[in-house]
């Protein structure tokens, strides 16, 4: 990929500086919070500001986990497990269900197809906060409030429409002849799907999965109402609880923030190749 | 593909539902059934329930009031509620400003990064950094950074000698709204940039070179070739973003929660306060309905544009 | 000290003997609940967390485990508990409570008088115990009593240059404020942002409403008349609100104070950013601890100022523990609540500067301050006791928090200059009237 126009040197430098500044703005706020997690509170509160950290410390993490004497620990491990279980399960199920739906839209023509597709999309636009009030009432009556199951169900519903959209785009890109050829060779349609179409759509599915995972992992508005105790509270809810407990413990909150962001970072970097591919080719056509 | 539109279905004399579900015609419906069931139970049923409660004076702590039908009173009260209309207008403005600025900045960023020939992969990775942040984290992060006494911004301004009084970023009416829009843009510009960058990478080379030969300058190339080609990508990005623009609630909730004195009140914060803090669930659900309509209008608008753009591009569907 | 050791020995013998015999009738039987997990919701924040380090002791004593389901500041905790009521999800046993909030919860909590022997209840401060009743039911066991007091930085008041400047400007000697007018005058005088502010106040939730009520009462006004008509938009109320508006406009408080609650103020004062702080006794321990506070060396304290009526508002209330009706092991829950308010627990609270709720603790604490060379705290403790004499709670009715929730956003609007004090209070009074009408009081 070469530059399509030949720039003058000053233009090239202007572009580089522009990119550098943009990257700075995109990264500094997040990195500042991560840095804060390793500094003592007294340094953060200091006036005038101390820019270069004088002391590095893991105290903030120790306090979170209850390893220091002065403060009860938070059930961070439990929040973490809840988040992981809820996000992974809902992602997996949403991908399977969404893939079936996307395949139906890509490969079949049927009555009500267009409106149905639109309806799926519109179901996703309902703001989480607007949904949280009636879901709270309903889940309370059904007795699935404060359970992982209740939250998994909700996250499935949130992730299915977008998965349908992405996988629909992917399946439509795979030439239909491939599957037909396989069926002529004696495969059933089911076998043809698994042998031909599924492997080709894999990177699309991976990107749909990472999106679904990030949405569930990061969601707060619904989780804050539908979880009540450590039985189902997730990391973002845990962070908010923390801010309600110690309104000014910036370093403690930063430590919690680091714990939330790390799994998302690791996972995204592992599959980032797919993520770009998924966004580029899935949604486009 | 010689058959009309359904390559795999064979003509059947469908009589009765059983016959239908055994037929090939049923396959797409069966494939969609789980998705439909989940959406019905998690989205539609709750929406029907909240539709009902918006006609009652349901109070969170008084369960019996759920059956107290009061007709349109909640909606009537909303019509005359200045606080609500302020929040409505502010939300509309918030979405419009945020989406448009994100689009412009995302386009600029994509164009810049596209010009860089070395280390582009790394740049793309860095660009995706904010996308991984939970809105709640973004809120916390900017609440910290804009904090008037220990925030990064004020500290920097002090030490550079630019101010002598702390700037109350999250308190002053204009600045607080600026701050939440800044945070929203920080959180979501990346999505636009990534999608538009993908579009730029798929841009065909020939028309541009032909235009250059014909003596067009860079701006003309951009205006008449690059931009029209990018438009479908812009609409895709707009549609994706308008689908989940309400997640800004999480961020605002933690940064200002609508305050102080309702200066940053959005429909979403007003709604949760009414429902959970003042326990007026019926009224909150009526507000919820108005906010749903707002989201649907935005998404529907971009979706229509997107479909039109797809047809223009000669894509499928 | 000896009595404390004796109590400890008694406790230990209880634990080992398993069943408390007649000889130990005076001592509360904490029981034994092996393998039981007690789920609790506790108030969080700097002032309150220290007591929870005693929880392992209770666990060891009874064999039960404690799971802290939730720990938040009381405003958030209140919201959460209301949602629990709506969801029908009362799957926890002990909750932190407060005299101002307790009337709202209806039959959520049990009458503790039916579960705790009278001789044990007799050990609590009786007036506080009375204020803990709702409709005659003892729904909470008081833990600490709060009453407003003034903390100040002695180094600022003893600074010769400041004294001179103050005298030149106002014609009086610089001394801790006796009235709210002086308070205002001094915080504006001291303010030198961003490094020093006059003071800070809780600008939202009941913290805001309560402080307003305090000054309103000090000015001779009140929230409601005897027929429950809202009268806080009286001239006294306008003057009280104007007090906040004036110090905010003068830049004598951090602009962010409208988003502050107790911990924010506490941190700011401990970091030396405030000259004066009208606050709760519970912060005394932290402020006087050199490890946590830069002002420990020169911490001063005084009784709260008086208003135009010549009286102090003396906003007061007690933090407490309650046991839910839905609890599956009320005995364990009651044992936990008593343990966290027994003589030893109360001594621990008192050592941090809090006003204890057990009669015996006052003398013990005074003695402890002397023995441990904490003359400042000892002196402070007597000041706190003085203010307790005038203490007044908000109206102990369920509607207080609801009214507070419509009041504080209006107070905030006036403080940041969206409305005039009169406009803000008139609107709040209208909204409060609707609440009281709906509740059947009007």
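Lettered A, B and C in written order, each chain numbered from 1.
In this text, contacts are C-beta pairs under 8 Å (C-beta built on N, C-alpha and C of every residue); 3 or more make two chains touch, one makes a residue touch a chain.
Keep in mind that what you see is a predicted model, and the values were worked out from it rather than measured.
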Item to check | Starting at subunit B, fewest touch steps before arriving at subunit C | outcome: 1
Checklist entry - What chain lies farthest away from subunit B once each centre is taken as the mean of the Cα atoms? => result C
Item to check | Centre-of-Cα separation between subunit C and subunit B, whole angstrom | outcome: 42
Checklist entry - Approximately how many whole Å separate the CA-defined centres of subunit A and subunit B? => result 15
Checklist entry - If you average the Cα atoms of subunit A and of subunit C to get two centres, how far apart are those centres in Å? => result 41
Next on the checklist: Quick check on subunit A: which residues sit in contact with 2+ other chains?
Outcome noted: 45, 47, 137, 225
Checklist outcome for this item: For subunit C, residue numbers touching 2 or more other chains are 83, 86, 194, 273
Item to check | subunit B, residues touching no fewer than two other chains | outcome: 149, 158, 276
Item to check | In the complex, subunit A residues that touch subunit C | outcome: 45, 47, 69-72, 136-137, 139-140, 145-146, 225, 228-230, 241, 244-249
Item to check | Residues of subunit C that touch subunit A when the two form their complex | outcome: 39, 44-46, 49-50, 52-53, 55, 67-73, 76, 80, 83-84, 86-89, 91-92, 194-195, 260-261, 263-264, 267, 271, 273
Checklist entry - What part of subunit B is in contact with subunit C in the complex they form? => result 60-61, 63, 147-149, 154, 158, 165-166, 168, 170-173, 256, 259-263, 276-279
Item to check | In the complex, subunit A residues that touch subunit B | outcome: 1-5, 7, 15-16, 18-19, 22-23, 25-27, 29-30, 32-33, 36, 44-45, 47-49, 51, 97-98, 100-101, 103-105, 107-110, 113, 116, 118, 120-135, 137-138, 153-154, 156-157, 160-162, 164, 172, 176, 180, 189, 214-215, 217-221, 225, 235-236, 239-240, 243, 250, 253-254, 257, 260-261, 264-265, 268-269, 272, 275-276, 279-281, 283-285
Checklist entry - In their complex, what parts of subunit B are in touch with subunit A? => result 1, 5-8, 25, 27-29, 31-32, 34-35, 38-39, 41-47, 49-50, 53, 66, 109, 112-113, 115-117, 120, 123-137, 140-142, 144-145, 149-150, 152, 155, 158-159, 186, 189-190, 194-195, 198-199, 201-202, 205, 208-209, 212, 218, 232-233, 236, 239-240, 242-244, 246-247, 249-250, 253-254, 268, 271-272, 275-276, 281, 284-285, 288-289, 291-292, 295-296, 298-300, 303, 310, 313, 315-317
